[in-house]
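We just call them A, B and C in the order they show up, numbering each chain from 1.
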Amino acid sequence: MKKLRILSLPYISWVCMFTIVPLLIVIFFAITTPSGEFTILNISNVGRYFSVIVKSILLASIATFISLIISYPFSYIISRVGGKTGKIAMMIIMLPMWMNFLLRTCAWMTILEKNGLLNKLLVYLNFSPVNIINTKIAVVIGMIYNYLPFMVLPLVSVMKKIEPSVIEAAQDLGSSGFSIFTKIIIPLTTPGVVSGVTMVFVPAVSTFIISRMLGGGGNLLIGDLIDMQFLGNSYNPHLGAAISLVLMVLILLCMSVMNQFECEDMEGKLV
Amino acid sequence: MIIKRSCLIILSLLILDLHCFAQATAASDSQVGMHRKYINVYNWGEFMSNGSDGLLNVNLEFEKATGIHVNYSTFSSNEEMYAKLKSSNVVYDVIFPSDYMISKMISEKFLAKLNFENIPNFKNIFANFKNLEYDPQNLYSVPYLWGVVGIVYNKNLVQKPVKWFDALWDKDLAKNILMFMNSRDSFGIAQKKLGVSFNTKSKADILNAAEELRKQKKLVQAYVMDEIFDKMQSEEAAIAPYYSGDALVMMKNNPNLDFVIPLNGTNRFVDAACVPANSEKKGWAELYINFLCDPKIALNNALYSGYSTPNELAYTMLPERIKNNKVAYPEQDVLSKTECYVYNSKEINELIDSLWIDIMIADEDNNVWVMPAFIVVCMIALISTNVIRSRLKKVNSKI
Amino acid sequence: MKNNVILRLFDICAEFDGELILNKVNLRIYDKSFVTLLGPSGCGKTTTLRIIGGFEKPTSGKLFFNSLDITDLPPYKRKVNTVFQKYALFPHLNVFENIAFGLKICKFSKKEIERNVDAMLELVNLKGFEKRGIERLSGGQQQRVAIARALINRPKVLLLDEPLGALDLKLRKEMQTELKNIQQQLEITFVYVTHDQEEALTMSDVVVVMNNGQIQQIGSPIDIYNEPQNAFVADFIGESNIISGIMYKDYMVGFLGHDFICVDKGFACNEEVDVVIRPEDVKLLEVGNGRLEGVVESIIFKGVHYEMKVDSAGYSWIVHSTLPKDIGSLVGIDIDPNDIHIMKKMEI
């Protein structure tokens, strides 16, 4: 046990230095004025931006939900196929992540613009062009594209742990396709779903590049607002810290709701 | 025993960590070993001739002439530069803020007074670029490059003639208009539309400008900054405000584009070289600034960046077609109608900013369903959590 | 009264990854019988079971269930249930829910389900374990849950894939008896797969010995044991001494330089054959009293008997006897004609 404690020291010091101390600094900034006095005004001012927070949570939820729907069957197929094909499929999913985040989002601008690739294709096929860029839909598409791999990874890992014989046993007992899905696969993959949802929802809620580049500046999300406090015309780190704090609390609330769905002993392990 | 020891280690690491915060290192530190003499220069991106296109590499030339190495880094907005200077502890020796930022930093005692005996080349600067609004006694800055904000538009897509900023409110161009994603710049444009000074202290003027911007929002395709360059070139939008220097390049790339300086006044922006108050190499910084005012150097910088030079001797050395370009060097009567930004007081800034945020976050179309949808989602979450919890309780209790 | 054929495998071939796993397997399984597929690892017994269960499709051939062709029928439509090797219990359900699974699919009422599950729990001696999570069960208990789960649908045929492999000896023996009892009580056909020949001999009505994807012999345990049809079966079942010999004529065989009278006939004159003699049938006598002579090389105490290796004219006999002999002592060897089994030479 002593050895374990010593081994955990690097991590503990890392957590202290780069998680706890910055968190305390953010809280400090949120409850003080530039002159150093304590004030609650920063946090109450966040109330003005409540509609933006709601919009951010809503768009992030939609993006998370769609990511889940898309990745679930795909992850299932990858986990069942296995072998070389499975590995190649995983690599293809991960490939965009090796590219810079800004570049990827920029690429979507090129696709969705009025004269972009999508509209050029639609016109070529004699359809009327669509106006997606600079709308909420574009922001959601950007979120899904950037964060989908984070949904696939935990799902695949949890699905791989489901022994094929468990599924065969279900088939043997008379359940086919759909009921296997609902009775076996969904309950056993719930921990993976919870991880995946967390890993997509949290960055999606606080994103600012996606909403700025694909939303055209008229669809500001809470991340943009925080960004504007630090790099906007008036430098107001106190308000920025206050908004960040409120956002963090809200995300924690959402996460605790999600964690109700997770049961520790419900892993796909075979006894 | 172990706990005590680990506490000690964590504590010392924390102290080290805070010490690190107070002494962030810059690339310059790592290069101290390589070059004994160096200065840290912080400039706009693509703003100093770097040897491409057959032009001089200014920083290299400076090092050749003086033996002082230049650690060159760039920023993309005044706010970014300001935040960096305020938050990090890298000491910059020469910076290039814009007009209003200079006046802000002067008021915050952020800039050092320059010793003009070390900058003899200052005499090369045009008279009407000395003692500008933001630095009335010209104690803190030396103009570097300037330009004006005008309107770039696509001749094929815009039918009516474009003369003033009103064109950006044209209903016929709805959803084809780009605007600046910057409160000061956008407010400035609205103020000019109303015929009011940028630097107005009147609350009423500011509120009126905000109202104009609010009305404009549904006509705007997107609020962007540098993307205007690409979007106009690719004909994504029909009309946008933009800077004269870049506009020249855009017009060269896409002949359908044209640029006009609004006749009733616009913003003349001047980026000037300054020395932060905390620089310890003021002498070398002034040497650098003097070097920049050398006509040949100023000429190269103007040619590279596409912006206009405030250096009279450099101007005479420009090729004829640039000298006579009315976009780069407008006539005196046009120039006299331009204004530089001055830093607004704290209250005005906060007013403008909060009005700007309100305009940005206003969402007419979907406001109706956002709240109800949110409530529904919350209720579903609450109900399902309760159901799950009660089920879990049932299972756990019977074991 | 002969029961009808409940399962018939007709020319079943199975090929995976270019490898031939099953080669024209033909098998008739009678209703209410306990059939064991016995063979070494890789002989194809598990594949045969999985084909019956519907988890694998044969490359060619047909499978009939009560004269109905079910070759292409998916597993959930077959009246066949399986007890898997690693039990494959549903980790997220407790004992009750695991067993009730099959009934829930068929949409039985809550009361019916409860009644049936209780009956099953009684059958497998797990009453009181309803709410237990399966990770808290011992191996034997999980085993029984798996059996109960498979039986609740009242299948006509129960497939068991080496279900007792992970249990200790004592528990295994208990379970063997229990399984046999359940089979007889419920009058269901059991198709049991194992590589343990002792298990096969203990529990089965019919033993099907398989090797290399082909059936080597089908018969009752006694037949398989006493009358192996070829050297493989003889070697696999029990321990055997297999010696090359020549069949001079009916009822006369020669090996190790001596002639012996035997009880087999029907071979060609002077045909080369394999001679199989069980270790417990080799009688050790005083030196000079047997047809053969040998030297005792080693002796191991096996509890039930002593296992001795006796070297005679180059061949090392395996002998089981309750009377030990000293190592190095000379002994005489004799075999009763009834204990000499002749079989055709194994094709290599």
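Points to keep in mind about this one:
By definition in this document, a contact is a pair of C-beta atoms (placed from the backbone, for glycine too) under 8 Å apart; a residue touches a chain by one contact, two chains touch by 3 or more.
Note that the structure is predicted; figures quoted are calculated from it, not measured.
Here A is the chain whose Cα centre lies closest to the centre of all protein Cα atoms. Among the other chains, the CA centroid farthest from that of subunit B is the one of C. Centre to centre, using the average C-alpha position, subunit A and subunit B are separated by 31 Å. Note on chain placement: the centre of subunit B and the centre of subunit C lie 84 Å apart, centres being C-alpha means.
The distance from the centre of subunit A to the centre of subunit C, with each centre set as the mean of the Cα atoms, comes to 55 Å.
Residue positions 133 of subunit C each touch two or more of the other chains. Shared contact sites, meaning residues of subunit A that touch two or more other chains, fall at 263.
Those residues of subunit A that touch subunit B in the complex are listed here as 2, 5-6, 9, 12-13, 16-17, 21, 49, 51-52, 54-55, 57-58, 61, 109, 113-115, 131, 133-134, 136, 212-213, 216-220, 224-225, 228, 230-235, 254, 257, 260-261, 263.
Within the complex formed with subunit A, the subunit C residues making contact are 53-55, 74-76, 80-82, 84-92, 101-102, 104-106, 133-135, 137, 142, 149-150, 153.
If you check the complex, the residues on subunit B that touch subunit A are 2, 6, 9-10, 13-14, 17-18, 77, 79-80, 82-83, 86, 175, 181-184, 217, 220-224, 227, 231, 234-236, 349-350, 352-353, 356-357, 360-361, 363, 366-367, 370-371, 373-374, 377, 381-382, 384-385, 388-389, 392. Subunit A meets subunit C in the complex at residues 163, 165-166, 168-176, 179, 183-184, 187-188, 263, 265-271.
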